[in-house]
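Read through the structures below before going on.
Okay, so chain A shows up in both of these, paired with chain B first and chain C after.
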Partner chain A sequence: MSIPLKGQNKGISPVFNKRITVNIKHVIKTLFIHLCMILIAFFFLVPILWMLSTALKLRWEIFAWPPEWLPREPHWENFREAFKRVPMWGYMWNTLRIIFFKVIGELFAVPLVAYAFARFRFPGKKVLFLLVISTMMIPLQTKLIPLFSMYVRFGLIDSYWPLILPAFTGTPFFIFLMVQYIKTMPRDLDDAARIDGLNNYGILYRILIPLCVPALTITVTYTFLWTWNEFLQPLIYLNSYEKYTIQLGLEMFKGMWSVEWNLLMAATLSTMLPVLVLYFFAQKKLIGGIATLGLKG
Partner chain B sequence: MKRSKRSAIDRRQTIDAYVCISPWLIGFLIFTIMPISFTIYYSFTRWTIMEPPVWIGLKNYIFMFTKDPIFWQSLKVTSLYVVMSLPIIIIFGLLLALLLNLKIRGMNLYRTLFYIPAVISGVSVAMLWTWLLQPDVGMVNTLLDLVGIKGPGWFWDPVWALPSVASMSVWKVGGSAVIYLAGLQNIPPQLYEAARIDGAGRRQAFFKITIPLLTPTLFFQLIIQMIECFKVFTEAFVITKGGPLKATYFYLLYFYEEGFQHFNTGYASALILVLVTVIMGMTVFVNYTSKRWVYYAGEDRAS
Partner chain C sequence: MSNQRKCHKMQRWQMAIAFALVFLFAVSFAFAAGQQENQAAGAEETVTLEWWTWDSEEYDEASQRAMAKVFEETHPDIKINMILMPVSGFETKMTTALGSGVGGPDVTFFSIANWYPKALPLDDLIERDNFDTSIYYDAFWKTKTQFDGKTIGLPLGVGAQFIMYNKDLFDEAGVAYPEDDWTTADYLEIARKVANPDKKIWGCEILKRPFRAIWFNHGEDVRLYSPDSKVVEGYLNSPGSQQAYEWFYDLMRSGATPSVSDMETLSSENTGPVDLFMAGRLGMATLNQGHMLNAVKEGMNFGVVREPGLEGGERYVNAWSLMVSIWEGSENPDESWEFLKWYVGPEGQKFLMDNANLFPSIGSVAKQYKDADKDYVQGFLKVLEDTNVAIWRGTHPSGSKVESGIKDLWDKIQLNLISRSDIKAELDALVPAAQLTLEEAKKTLGK
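Moving on to the complex of A and B:
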């Protein structure tokens, strides 16, 4: 809290009385803003902290009255117990495998498609790009029944194919992001490379892709986040327990042990943890990515 | 001579372009055009995934509108949810963004913290809220108890269930704030300077500069968030299963149960098309009104 004060005090001389009052006003205002922000931050974080506290409690502590805000001593073994009750590791591993193949798919398709829309002139380009954007708005459920019956016909139900295949055609959101990104790169780069004898694909893979790493990072991170959190599609396409993704596993856990809140919260927190960790590492880029779409979409 | 060379380059470019976009194009045909056309076709059939579809014309739609109280219930519940949830997201999101746009130290940290609830989603968030709003030992009712208020039954009370699901949006408002924030930071600071020189106060600057220049962002938010609200599903599926007394029986829950549990796939196709029509109608409506209130820089407003 004292950090903003330090900066503001610099250069105050007692002679300029007026300036001091202005500064004091400023300091009070800054403090007030910080207070507001801390209160709001508390509101946003307290559910997560409460979840952690529950996850570390013994069962009787949860139902104790008067309520105990913190566990007397942290029972980390709740996590071990939760992972024993339901094969969480297996579900995480399943989800990670799906993510891995989806990432490969997106990395193959997205730059390729975006490159054409960002750099080439070709008949139908405007209409097609409009289609890319408008497909972002179509609710997935509109397509679900025919897709389901198609996968039934090909015998792909209860496999990961229905979840992975669409990634190899490029997700419109990422294509859009990538087009915007490539457009910011000077065309002189392409021209120089062309003079050096590279063809269109050489320009993409040797010149542009290395420069697109930030946009590709967003693509990979969001693929991870969305796939990790995805519920509806795994729910529809997967039947056998051992193939469940993490969110399905958690939902099943809820059905089975619905009164053991300490274990349930331990499991819930564990499914959130990878997302939180990833978020903290990539947050600047993620927020930037959302913002780009917000402005230009 | 020159011209033919040029057209050769153009042709080469066209071929390469279509090769490049082919993954998306194929995906578009298989994963978008084909399924949507079939959904439209199936909606005119009686079809339970096991047997081939039978054409019955408009019967699904007629049944839905005249003889299906569950359809009306789910439509009502979903609309109410949108009416409750959308203002929260739009207004609180803006307020939060205005706070985050203030120039003080440590703002990045706050921004990071406020966005956390928006990145964790799905079943885990639903589980967390189930626990927070437990009638007997949940955190919220415990806190209310300490100040002498008897908390309601939240998800387990027919009256409170829908507002409870809607209030979960408050917690995720960081997601909408971030989009506003980008819009705010895109307003050229020179405008504020010019206004100050012209003697405009804070309030005037806010209503004459910030709000008008933010209307495109607001417009975008309105459409995107509205669609998201109509698509509410996981919360209800995990927490309430549509109950109590169908008080949270959202439209997509009905669609899911008809399509993937009872395998009334023909009827479910008709259901989803009605929802998409509603969403599209709302989008067109918002778009239509936008001419009156959305300000686009560079457009001549005087004319």
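Moving on to the complex of A and C:
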């Protein structure tokens, strides 16, 4: 059977014809789906685009009617002005430093505590675990005064210690997460490792932790996000202007009688970048971890 | 690798972690102790005061830091540690510090009545130094420094609410600018004329609550309760009060205001109608001196006039001052007093007036205001001459409680849930509950 060549007006086989039709249908369907997804993505991006638009406007242009998506004249200097008005770079650096130590603290404490709860039998284990978990139910506001009072007496106010130290005892949410995760792993792994001569620490650090990467990624990512967005505790514990964190810096754009929306949006957009970068790098593990652990945002 | 070696390696690792932890904690506490020792050592020579403040249109960060430096130059034994914090976080931080009884500031704003019991009484210090308190405007001295029969602070600056109007919008609509003797009926009419619904321009904003200056302007009986804080009947539901509510009812149906949802959405962050006014979408707005300074900065073409009233009636103004006090837990009350009386005295207020935009609470200083010849400043100073609502409200701490109890009627009018003729009956129906709230409030707050 001869294959019809280009230019020949007859002889296009029905199979080939059908394949072309199917391909076109597939392309149209894919295009349609992608178009829908782009539209939905655009819908979700609207607030961010509005932020960008606001960041480039004059202060009172923001409330103009009808709303203007494109600034009459983009004021890129708003970004410069925002960073000049409030030392946001310094605040980003301060926040990153706190995050770094908090992540170390969580990664140190959470697996240890969780391992104990997941694998050991000891008197009062259930009560103790319940106690740890129940601390999640106590709102921070109710603990604020005793905590503040304690840190004042320790002389730790206006330092980063009150923000960092609690991470070295583990955050109950992450402990709970890790306990559940470790529990899903067969004990046979522990037994095999023990037969090979590993002690408890060896089992934890050489066998279990490498298998807990999704849970640990969530711990790191959430520690990053929560610390990045934390306002209340830095406000209470820090006094020196130069030691402030990002969220305190952003609040400085809200004055007594008005809000400098354009500068606030410029600063907020800039401070979103590190979070986006983190998500970009962690998304695979994060999504995997969320799926495995059954977490939802 | 043999099991034994593995075990040894693991033990070394554990030891390293243990050492690291011990080191970490040791460093933290050594650092803390060091801080305390330094503070103690420093105390022998100079005293460092902690001054908590915020940044505002009237006194920005730079001018406050500069002021503190000038104070330090003239008072070499006292150092000022100025702690600048976001306005939005000030209340939380103060409440936490005062609640814990430690870690509070030496000197700061006592802007919330719940904090007053924690302020250091100043009467002895005032008497000891013969500090002349008559320099302050009387109304602010009476309402912003006294608590439980004691003087607990000094009044910094003055503020007031007034009507700001957008001259460009008035010119566009061909409406004459309001004058000081304007009435509530004039206000309605002007708002209607200036409004341009096609362009989403409104004549005025939706008022936030009743029993403010414009309510008081409706007559002597338009109060929440009697001046002796005993009776609600005949005040809350007085003919004047009914008239004020009816006026608000007419305003809400005049088509001159934004919708409730527009107002709620656009007046975010508790900045009131300022954003809409600055965007040229409100012909008139009830604003204050901070907003006015913003409008000046943005080069807006605006005017200032007092709130409207009834023809020939007494005029009131909702004016205030910010009380600066010494925390009762301050370890350096004498030095704190030195700073307080300088900062809120003529020197400090003049410095903030000249180098920032403070409107001083001291008459002799206010007369030297740098832009006193400007229309807006004259308008503002004229507003301050009216009777201060705070004189009544300040001696009646139960007012806000009773007012919050009658909020339903306000909401019903806004949401068009009642008719104009129902207002009298609604007010009458509110009286028993308001009386009960007053009795309860008096028990906890006193007269």
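The definition used in the following text is that the second predicted complex is superposed on the first by the 208 of 297 C-alpha atoms of A that agree within 3 Å, B and C clash if a C-alpha of one lies under 4 Å from a C-alpha of the other, contacts with A are read in each partner's own complex, and residues count from 1 in each chain.
Throughout what follows, a residue touches a chain if its C-beta (ideal position, glycine included) is under 8 Å from a C-beta of that chain, and two chains touch if they have at least 3 such contacts.
Keep in mind the model is a prediction, meaning the values are calculated, not measured.
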Partner chain in contact with A:Met256 - chain B first, chain C second, else both or neither: second
Partner touching more residues of chain A, whether chain B or chain C: B
Which of chain B and chain C A:Leu39 touches, first, second, both or neither: neither
Touched partner set for A:Trp50, first chain B, second chain C, both or neither: first
Which superposed partner A:Ser159 touches (first chain B, second chain C, both, neither): second
First, second, both or neither for A:Arg59, with chain B first and chain C second: second
Touched partner set for A:Gly202, first chain B, second chain C, both or neither: second
Partner chain in contact with A:Thr135 - chain B first, chain C second, else both or neither: first
Partner chain in contact with A:Leu232 - chain B first, chain C second, else both or neither: both
First (chain B), second (chain C), both or neither touched by A:Thr268: first
Contact residues of chain A, present in both the chain B and the chain C interface: 62-63, 108, 144-146, 148-149, 152, 168, 201, 231-232, 236, 248, 251, 254, 261
Residue ranges of chain A in contact with chain B within the complex: 3-4, 7, 30, 33-34, 36-37, 40-41, 44-48, 50-51, 54, 62-63, 67, 108-109, 112-113, 115-117, 120-123, 125, 128, 131-132, 135, 137-139, 141-150, 152, 166, 168-170, 172, 175, 200-201, 204, 225, 229-232, 236, 247-248, 250-251, 254, 261, 264-265, 268, 271-272, 275-276, 279-280, 283, 286-287, 290-292, 294-295, 297
Contact set on chain A toward chain C in their complex: 59-66, 108, 144-146, 148-149, 152-157, 159, 161, 165, 168, 196-199, 201-202, 231-232, 235-236, 239-241, 248, 251-252, 254-259, 261
List of chain B residues in touch with chain A within their complex: 10, 13-14, 16-18, 20-21, 23-28, 30-32, 34-36, 38-39, 42, 49, 96, 99, 102, 104-106, 110-117, 119-124, 127-132, 134, 137, 139, 142, 171, 174-175, 178-179, 181-183, 186, 217, 220-221, 224, 227, 230-231, 233-234, 237-238, 252, 255-256, 259-260, 265, 268-269, 272-273, 275-276, 279, 283
List of chain C residues in touch with chain A within their complex: 3-4, 6-7, 10, 13-14, 17, 21, 24, 28-29, 31-33, 35-36, 50, 54-58, 81, 83-89, 92-93, 96-97, 99-103, 199-201, 266, 268-269, 271, 274-276, 278-281, 288, 290-291, 294, 298
